[in-house]
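Should a chain be cited, it is by its letter among A, B, C and D, assigned in written order, with residues numbered from 1 in that chain.
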Amino acid sequence: MIIIMKPGVDRSTIDPVVQRVEQLGLNAHLIDGEERTIIGVVGLPLPPTLEEQFETLPGVENVVRITKKFKLAGWDFHPTKTVIDLGDGVTIGGPELSIIAGPCSVESEQQTLDTARAVAAAGATILRGGAYKPRTSPYEFRGLGEQGLQILAQAREETGLKIITEVMTPSDVETVDRYTDIFQIGARNCQNYLLLEEVGKARKPVMLKRGLSMLLEEWLLAAEYVMAQGNPDVMLCERGIRTFETMTRNTMDVSAVPVVQSLSHLPVIVDPSHAAGKRPFIAALAKAGIAAGADGLMIEAHPSPDHAMSDGAQSLNLDEFAALMPQLARVAQAVDRSFTIAGVEAG
Amino acid sequence: MIIIMKPGVDRSTIDPVVQRVEQLGLNAHLIDGEERTIIGVVGLPLPPTLEEQFETLPGVENVVRITKKFKLAGWDFHPTKTVIDLGDGVTIGGPELSIIAGPCSVESEQQTLDTARAVAAAGATILRGGAYKPRTSPYEFRGLGEQGLQILAQAREETGLKIITEVMTPSDVETVDRYTDIFQIGARNCQNYLLLEEVGKARKPVMLKRGLSMLLEEWLLAAEYVMAQGNPDVMLCERGIRTFETMTRNTMDVSAVPVVQSLSHLPVIVDPSHAAGKRPFIAALAKAGIAAGADGLMIEAHPSPDHAMSDGAQSLNLDEFAALMPQLARVAQAVDRSFTIAGVEAG
Amino acid sequence: MIIIMKPGVDRSTIDPVVQRVEQLGLNAHLIDGEERTIIGVVGLPLPPTLEEQFETLPGVENVVRITKKFKLAGWDFHPTKTVIDLGDGVTIGGPELSIIAGPCSVESEQQTLDTARAVAAAGATILRGGAYKPRTSPYEFRGLGEQGLQILAQAREETGLKIITEVMTPSDVETVDRYTDIFQIGARNCQNYLLLEEVGKARKPVMLKRGLSMLLEEWLLAAEYVMAQGNPDVMLCERGIRTFETMTRNTMDVSAVPVVQSLSHLPVIVDPSHAAGKRPFIAALAKAGIAAGADGLMIEAHPSPDHAMSDGAQSLNLDEFAALMPQLARVAQAVDRSFTIAGVEAG
Amino acid sequence: MIIIMKPGVDRSTIDPVVQRVEQLGLNAHLIDGEERTIIGVVGLPLPPTLEEQFETLPGVENVVRITKKFKLAGWDFHPTKTVIDLGDGVTIGGPELSIIAGPCSVESEQQTLDTARAVAAAGATILRGGAYKPRTSPYEFRGLGEQGLQILAQAREETGLKIITEVMTPSDVETVDRYTDIFQIGARNCQNYLLLEEVGKARKPVMLKRGLSMLLEEWLLAAEYVMAQGNPDVMLCERGIRTFETMTRNTMDVSAVPVVQSLSHLPVIVDPSHAAGKRPFIAALAKAGIAAGADGLMIEAHPSPDHAMSDGAQSLNLDEFAALMPQLARVAQAVDRSFTIAGVEAG
């Protein structure tokens, strides 16, 4: 940590700052510049709120933290990339690109099974489907609850797809755990820390969607909450951030893919459906995500999007999904990623 | 709702859209312009996801919703302003400006009681203090839990201040309810809908902080979640939104005050501490909030901010707080708001 | 245009609005809903500021414009994609992906020629280089001016590359026109309308960089300024928008590529260098741009980035650039785009 | 400047960085922490692009600049607040609050004179009015040009008001200079550096509107461009930034007032009209601006806003303006600012 003093302050102001550093068991190194003094603070571990304690001391202009706040999610203590093994040869984070597909909401057995069969045939390995739905308005459809989970489990049994579904509150973790293969934490719950800890204890893989205005560092700290409970299997999902532009539902921050990969060993998934919010742009964003190096995609697909109970406008129909997959395989191949479609290795 | 068709589409494309409208029991009115046709959809109630069902139909360019999605929070069904009565003459939303003050975290009995006495003497009527703290990093201090609530209750007993404290998860609502006068829902939990419903059932006033990138409409829909459970006593708290500017912790959206007041009868509070993030700017933002018409302020105060366990950089010390209050009273008076300091009516 | 009246207003309020519509030579169609009346305004051409004239009339709640404000840039009057022909077989917007490369600033003859030779050998067809540099601080290097243009022209002569360079002010257009093949309008000048008109008169292709917080519609209207002067050869360049995220210099809005292409026939270029701001992320963003369907890329390259007089941190060195090109060609091929490297057709 | 090395790099990587520092005539001070080394760079003056030169060196993780990039605009070399004297007792930046009012565009002699008389009677001292209008669409009204300037001058003669009007391009500076008392640089031209320098040479006061996504530091550097030409009389105008919220035209960053005042001695004006974009919210934002400490306000007023040729929706009519002024005077008084209305000292 570096403490930058205001220009022109003298020893009588600097000394108390140095003493405060030393009281905390840390060492202070002074650099006297021509305009001002800066104090390098050395010693480990730095308390996480250390900056705040110094920012308000007299004469201090600014405090710059150097060490990152996340540990488990970073490369320093985990120099190999995390590959999450879902069993039956399905992994996330390895050379194979993972395709997660399915409806926004589980609406019925038939809708879910039709979708599951179609996306499995087209090359997806994981089925998404919401049983508990966070909705902006209290008057909207909120999912089938445990019945939805049962339908997902039935789809898994029939198709062999792995399952991912959202859990919205700590008290539902146990129920969802009985059915799902991956816990999804939605963008609105990305800093619901007690929920993060609860799925951290559950020891099943967790996908953390990025919040609408979440800094990349905050995202990795959210992962840290899960990991600090002993659960190493976290993947991150970029699904668009909120900006001033209104022609897309969100703005897909495609640079999040390489930047997070430079900071963390965790797999990164891209969700072009929520990013675009509009069907015609999903294909382009899906390809961009793969080209940027994403470890997988999550795409909404529905047998009849214009009758969907949620997010129809951003869902592909099953034919569109099937037609998109070979295109995605070509891009995956172009960035040295393998991709299996219907038993045929494309990459 | 208005459905805007693409230019040049003919009846064979328009008719299915009209039929869809009528299948839903609604009426369609066509306006044939020179470039395109628009369809006015009339009838009540409109399903909340109606737009999505039409956006994807062939030939539809855009769908514009006219009716607002929130009902209980809006003026239409509640034409008088909500005044929340906390008992003992303390109200929020009436002519008297409400000042909520206290430390970010309850750290100890002495810290809390010292603060409570000082802010009460300076004119605050409500004591804030966090017992359950959402922290960006899992390694930071997270509050004293129920012990913190007990300290707050003790401070209430001694000073007569009402109490507001944050609740982070549904399973804590019952515990917090035993102690608090107002539930605070933090910015990170603003769309934690199950939590919103749980405090909605608890029948105590609720303060909803605005999320970092929350649209005003989404904020009112979050209030709607609480109100739909039968709890009418909701107040909204603007605490800064996230923008590109980094010299303040957040950007205080002062226009949220008059805009929300034009849409809703609910009281609006401003939190200049979280908005500024830095002590020297709190006074200016507090005054701006009052001048814009806020019903109250929430200000962080601490006996020794540079030893605070959280948010010290944005807390006033007790002398600064006491010195600020008469300045705030003058601004309150200038916008016809009364404000009582230490038993003296200033406004 | 649609005028949405407030709920409950009656004919005495609605009639003056209708009269105002008719005074303007337009037709008003009323739809009486159960809550409110909406007025469809039909007739062409709608004055561009029509909304503003109605928003303030008594009883009007909101006004929604349906027709787009841009004409020349849109598909309606130009149903084929614009292909800009720079001569000598170099085009932008056709099946061949265009690579623009070169230093941020022209610093010397040697630096420029070395770069030009290297990027030409690697497959670029257009050389970028700033002779007039907009700099955030008045104390920074601002380019060599006309001497820089002469160096660029010399590089063109030697390598056969086409040239693009920024023009910052109307009075420089004539000078720049003597040397350049494409005028670049920088992000800071994207709404410098007199400059846009001046390059519109110059009848040479123009590349419009998107402003840091420019809506896509505003961008197309900026293109409209150029085109309205009779210059049809406009290309748009996405170079990142400003958001809350600070780990990249800007946030590359990759969705701008498909969205603009759905609205406009103009070619879209992506600049991963300015978007990323950091060298390690350029390759991923370049690939993402191609995968999303961009018509070309603009990449900063420099013989010695860490001695560059501007933007060194986001420039590739010449070896890095040469190594990246075959990777880009593979992605181009995967989205059916041809791409010629060193005389070898890759796509 | 501080150079932060990556963890674990050794002397063979650090030494070349140190040598580079010394080659530039600066001194390097090393602090060896437990995880990494940081290098303090001392010596003046630091070249403005120094960071870029080091960010890309091997082993460097990050570079933090400590000294501010602006000089003339900051307190360090100008420890007293700037008070701009417009003559005839009209100042900006002194104890008296300045009210600038008038129409968006000068449309006619009568419209301008009617407005001028009314706002003068109500207490404004400066008349705004656009003769050269930047418009998002090329098809909108762009102002009367020099004829508009003549009308403004006539209004000055008749009312004694000072005049402010926008200049959009360097070649118009001379013409505008013949009429105006203050040059206005609009938000879209805030980084049109050649224009900034041209008004810097003109030696008349300049008002710089903040760009839609301009960092406060960039704004002060724009002021620096003007001041570096020898013109010290610069005032800054906060007029709202662009955020995700769409219920206001822009988001007024009221915190810009105290933050800029902490960094700079230049006066700060607030423009609630452009910030709100909607008439009903102007009063609240105007009061908020004063309460936050602004040195003045710029408010759009028009005899008949719903017939205005631009910005009618955000203009007060003349009665509304006159009614607002005493309310503003009360807030001004509450923050110890004087304010003269119609010859009566209110503050």
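The rule is short, and it goes like this: a contact is a pair of C-beta atoms (placed from the backbone, for glycine too) under 8 Å apart; a residue touches a chain by one contact, two chains touch by 3 or more.
Bear in mind that the values here come from a model prediction, so they are computed numbers and not experimental data.
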Shared touching partners of chain B and chain D are A, C
Where chain A and chain D overlap in contact partners, by chain label: B, C
Report the inter-chain centroid distance for chain A and chain C in whole angstrom, where each centroid is the mean of the CA atoms. 31
Once you find the CA centre of chain B and the CA centre of chain C, what distance in Å lies between them? 39
Approximately how many whole Å separate the CA-defined centres of chain A and chain B? 27
In chain D, which residues are in touch with two or more of the other chains? 213, 241-244, 246
For this assembly, give the contact graph shape among line, ring, star, complete and other. complete
Given the complex, residues on chain A that touch chain D span 2, 4, 7, 29, 31-36, 38, 40, 42-44, 62, 64, 66-67, 76, 242-244, 246
Show me the residue ranges of chain C that touch chain D in the complex, using the header's touch definition. 48-49, 51-57, 69-70, 134-141, 168-171, 188-189, 191-195, 197, 211-213, 218, 221, 224-225, 228, 241-242, 278-279, 305-313
Name, in rising order, each residue of chain A that touches chain C in their complex. 213, 215-217, 241, 243-248, 251-259, 262, 275-276, 280-281, 283-285, 287-293, 327, 330-331, 333-335
